[in-house]
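Both complexes below contain chain A, partnered by chain B and then by chain C.
Take a look at the complex of A and B:
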């Protein structure tokens, strides 16, 4: 297991190197007139030239790349061209906000999916059909539409929640709940739809297995069969879907944070990309790359824990 | 067999609903009467005074920094850190008397030596307004309260600049601080609360307890939230999360008014064609004034205003704004939509079958429709437009190179004639890439630069007439931009600025 973990981490580092290299080259190839982009049309050409010099854009691209890489290895990703904030600070400040939404969505989705999936598998009939219809709708309706609907109804009409912004949990718990609830619901609905279906199918499959019949014939209680054996067996595929969705949720958060005006990674990613803020975009590439690699590693390790057949010795 | 009820689900839902209702009962508005929450559309590029921008970013600057002078809402220059000033006869030496007893929030006293360093730093900085001090030859501290600024040539807009970013005063200790970009130290009415601030999204300021000009400090706390789309601004307004806000466009104005907000309309720019190649260097036909006039007659400006700006704004054929001494009401309709006359003018100029005009486009900024409309209206009189589309700032490089004889753009219209001239009309103006000039224009500009206020105003009106009659541009309309405020907030809009000056936003009594 240790060898496997180390090997996967080394692959991850290599992958990250390739990603940042390609991203760096592509971003600078498309960067255009950087000084002019930052200063706008009213600045004189002399000021624009001075800005380019300050940013070190006069040196060759390859020199700039290795300089950036050297600094990045020490944790220094430079400063944003448009807010002058250190990239590391900008990302760490916002990462906690985005992770709050993503983990919140994962927890809500896991709980709801388990309940709905099991319920549909056990009850069948109209309950199953309603949950199936909900799943299809959850897949079909884009998250941002759900977000706009939630804002309109629950924030602007009923005033139960805040339509925009974010209050840190350390500042005011009630305010935090009022700012994260709707975004988490918007992020969760699509995920619940997918994972509930997976749980339902897995539970139905497990219930049809011979070992379930054997357990029942030995007099094991139905509750024990379900919770100790069937759910553990059915949990692997559902966990895979849920964990893989974690990365997808980071992408979903981009839109959701825009709709709710939440100062997370998604909002800064949209702004930095549209402005052409290369240092900040590069920092985001590294941060998200690291998250994706780590999440995939954790998924593999969890799969091994849940299913001994998936273990790599 | 496994038909079990799930009471936990219902209980959980009920709990969530209850929680929501309880939390809902704790609902609040944008803030108390001593807190102002502003919605802005751009973050602060930096808090380092020498590199700060103005316009949409002016509230950040005004919260933490004092400037040497202040402009009234109408643009009249008034005392601030400088209590008095005078020019020499040639208007090249400006002597200012500075306020004593002012200290920065780190305890450092403000004096003329500090002002000199700040002015020099701004001149060498990379603000997009750095050229405001291009005419400053030197600044000297004669005494702690006397500052002398020598100019290379008279600059009628110089005092105005000293009331903006160029005149902002930062503490000397911040000049060497590695965190100056995000932790400002000024002498202004508020101090940035760096702990509560999320750079790029939400900036929190608290009142400076030792501020010297208390009447201009209307709030104990100011929050400036950055919104990145028209929808989020509208949601914040409808949700009562802001007291006042800058807006992205005018499409949401009816909903903003429905939310009980007052709309303060502004016209800060003009949209239309800049016919740069007035000597026909790159495009022979544009060298002929009749061709440029024909282009002006080709456009149905009322229709363009409706299609390109949802009808918000006003049609015009001049580039001088309504609050400029050079403004002439009659020049709003000097050209009218008359394709037949336009074709006649083209024929008289020797182009009965029209010609081809190359222009750049930036559809990501102005949309496909705007360019298509311009293309269609010019095609109607026989001028075929070929566009080269750009995705970003490289369009400015191409325009200013110059690579194109004309372009469509939305450009600023400054209330001070000399400011406008230095941007677009003088021989070396940034947006005069072909360096168009002649003795008539140069004469008017000279009077604007060196004459008395009355002489300058007369020359500005004459210059405006000349530019319109000779069709240096083909303006379509002045698009409206809007600042909005709720019923608790009084606002005085600022001439020539997208956002009211901070001290002109205050709680209603």
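Take a look at the complex of A and C:
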């Protein structure tokens, strides 16, 4: 188990290294006249040259890359070109906001799709059909359109929730709930549609297995057959779908944060990429890479817990 | 539909594995799927509207007019005008052109690169395969939106550039599909044959491999197309797109800024996106349904149907139906007084209601007596209804099966009438079950120990440690060499014979009166078969338990049974002491079963076929 974890982790680090390297080289190759971009067209050539020097842009790209990598390994990702704020600070403060949304959406989706999927599988009939229709809609309608719709009804008409902004949970819980609920719903719907479908078909498949009959023949209670045995066996495939959707969820959060005006990584992404703030973009690449790797590791471990056959490899 | 859907929508590779035979029928069957046809028609209409845009409107979608800002529908402008006085209907039509063309571009890029690399990696393998799988993992770890935002910052907000880059990000969707399909067929005999007969690699790929993945590629393309629309509309909606061209996303952006002044402006492009998205999803779903049906025509349903069909065929087409009283009953040996009845089945009928309202009867008017302490063989060929009879006693018929008539009395209590809660008490405690296929009858996710102790704890109410002690003892009793180790093992770590021993231990664990063993040796190797029969005989002697053993093999009956009932076409044709029937089989069917053991080669054929 330990070697498995270590191997997955090393593989992840290698992957992150490749992504970071490619991103660094591409971004700097495309960055153009950095000093001029920062100081604007009115600055004199002398100040522009000075700025480039300050930023260390005169040394060769490879030298700069290794120097950045060295600093990055110690947790120092430099400072934003435009605000001078350290990249680590800029990202960490917003990271928790985005993670709140994304993990909120994952938890809500997992719970909701388990309930809906099992319900559809067991009841069949009209319950199943309604959940199928919901799945098609949830899959086909983009999250931001749902967001617009939710804002319109629940924020602007009913005033149940805030249309924009974010209140940290540590600051005021009620305010936090009123700001994160709609974004989390908007993020979750597409995910629920996909995962509930998977749960439904895995549960139907598991219920047809021979061992279900044998468990019943032993007088095991229906509740245990369903919630202990069938659900655990159906959990693996559903988890895979959830895991594969996670990267997309981070992307979806960028758009949803824009719609709701939430100061998360999405805003950093939009701002940093449109300004060409390369250190900040690099910080973003690293942050997202680390999250993706860690989440995949956790999912692999969970898979091993659910499915003993996956533990050997 | 975010890009998350790429992965969720990706076809399981096994779907593609076996659809060669059915592919020619796929298109025809798809055309019979009403939902698929409706979705396809909507898509065609949308595309036609985009192509014929100049015929459907006379307005220039970009013509700004300060004089006609935010006009309502009607009066010259079919759907009114937007915040800059542009005609909404014409924007919608021309927007469809750009939006759909952009999504098409992304899909084509993804498909071309994905299919090409998938074919090469799957067909030639080696270093290209490892490189490609690395790149795939890499691409799938990138959040598309962030990459697109960065690309837009560097390369400018061109719709086409953004869609080409997004297409590259979506390459894995096609690569994985094609790779899985190709590496699946690469080593098949017909490919080898083609290669040996000198067909060039290119022709093999085009003729034999591409045809296999054609339908899944169309399915994947429709999913990818939908995702590309969603992402592109999303970017434009946020204002990151090319504002100089009409797209649905730009319209949404304009509508969102004027949300308070004219909510309609969001509705039209929103509807366009939703309708297109739903149509694409339904099209994909319909195609997937048809594909999955041809890939594995629902194995279990088919198996159930086959059993039922065999039984009906037997019941309807066979000899003239014999009335129940035609059962040939051999006399009991007069020397010993008969033991009391434990199980008394009277006039049992089991059926499966069909969608058309009729009921397929698989067991009809079966009467069967099992005496306490005996081993009773229920013998007959596949489809004769013996397993259905056994399952009825447990009240564990497959979904849709019902006990139509008759009674099943266990110690005088009619099991066909007790509530399902009472039945749950009876199962495990008084009746136990040993299945046919040991490997598929253990829950793969739990240890042997937990599966053995769970029923004991609920049935006998013993503590966890007590249950474990009992389980270890049982495992020893059924001849498992290292009970501690097996207790902690998972089913996949056991051999078939071991698993069957574990299942037998499970069956006797709660001290039942009656064990129903459904072909307990059929799935095992011949040497193991003998060991399991020995084990059953020993346990029966030790515990004095009654066993109803379902089998198609007179060898098993000779080895184990005190009395036998011969079942054919859903009814019992001959019953009596095993000795008497062996000495003097009366019914022609019983005789033919005897002939079958005497002449192995004859018996093997049909059984192997119907059991597979």
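Points worth noting:
Here is the rule we use: the second predicted complex is superposed on the first by the 306 of 313 C-alpha atoms of A that agree within 3 Å, B and C clash if a C-alpha of one lies under 4 Å from a C-alpha of the other, contacts with A are read in each partner's own complex, and residues count from 1 in each chain.
Heads up, the rule we're going with is that contacts are C-beta pairs under 8 Å (C-beta built on N, C-alpha and C of every residue); 3 or more make two chains touch, one makes a residue touch a chain.
All values derive from a computational prediction rather than experimental measurement.
After overlaying the two complexes on the shared chain, residue contacts for A:71 are found with neither chain B nor chain C.
Contacts of A:129 after superposition: neither chain B nor chain C is touched.
When the two structures are aligned on the shared chain, A:37 is found in touch with chain B, with no touch to chain C. In the superposition on chain A, A:7 makes contact with neither chain B nor chain C.
Of the two partner chains placed by superposition, only chain B is touched by A:163; chain C is not. Shared-chain residue A:250: touches chain C; no touch with chain B. Of the two partner chains placed by superposition, only chain C is touched by A:211; chain B is not. By the touch criterion defined above, A:222 lies against chain B and chain C together after alignment on the C-alpha atoms of chain A. Applying the stated contact rule after C-alpha superposition, one finds that A:258 touches each of chain B and chain C.
With the contact threshold set out at the top, residues 30, 148, 222, 258-259, 270, 276 of chain A are in contact with chain B in one structure and with chain C in the other.
By the touch criterion stated above, chain C contacts chain A in their complex at residues 1-10, 137-138, 140-146, 149-150, 152-155, 226, 230, 233-234, 237-238, 240, 252, 256, 259, 263, 266, 270, 273-274, 277-278, 280-282, 285, 300, 391, 394, 396, 424-429, 431-433, 435, 437, 440-446, 451, 454-455, 458-459, 490, 492, 503, 506-507, 509-510. Taken in their complex, chain B has these residues touching chain A: 1-4, 6, 8-9, 19-21, 23-24, 26-27, 43-48, 51, 53, 126-131, 134, 181-182, 198-202, 225, 227-229, 231-232, 235-236, 238-239, 241, 391-394, 396-397, 400, 409, 411-412, 423, 430-431. The touching residues of chain A, counted against chain B in their complex, run 30, 32-34, 36-47, 50-51, 54, 79-80, 82-85, 89-90, 93-94, 115, 119, 122-123, 148, 151, 154-156, 158-165, 174, 177-178, 181, 207, 222, 226, 258-261, 263, 267-268, 270-271, 276.
Listed in rising order, the residues of chain A touching chain C in the complex are 15, 18-19, 27, 30, 136-137, 139-145, 148, 152, 190-191, 194-195, 198, 208-211, 213-222, 224, 229, 232-233, 241, 244-252, 254-255, 258-259, 269-270, 273-276, 281, 284-285, 288-289, 292-293, 306-309.
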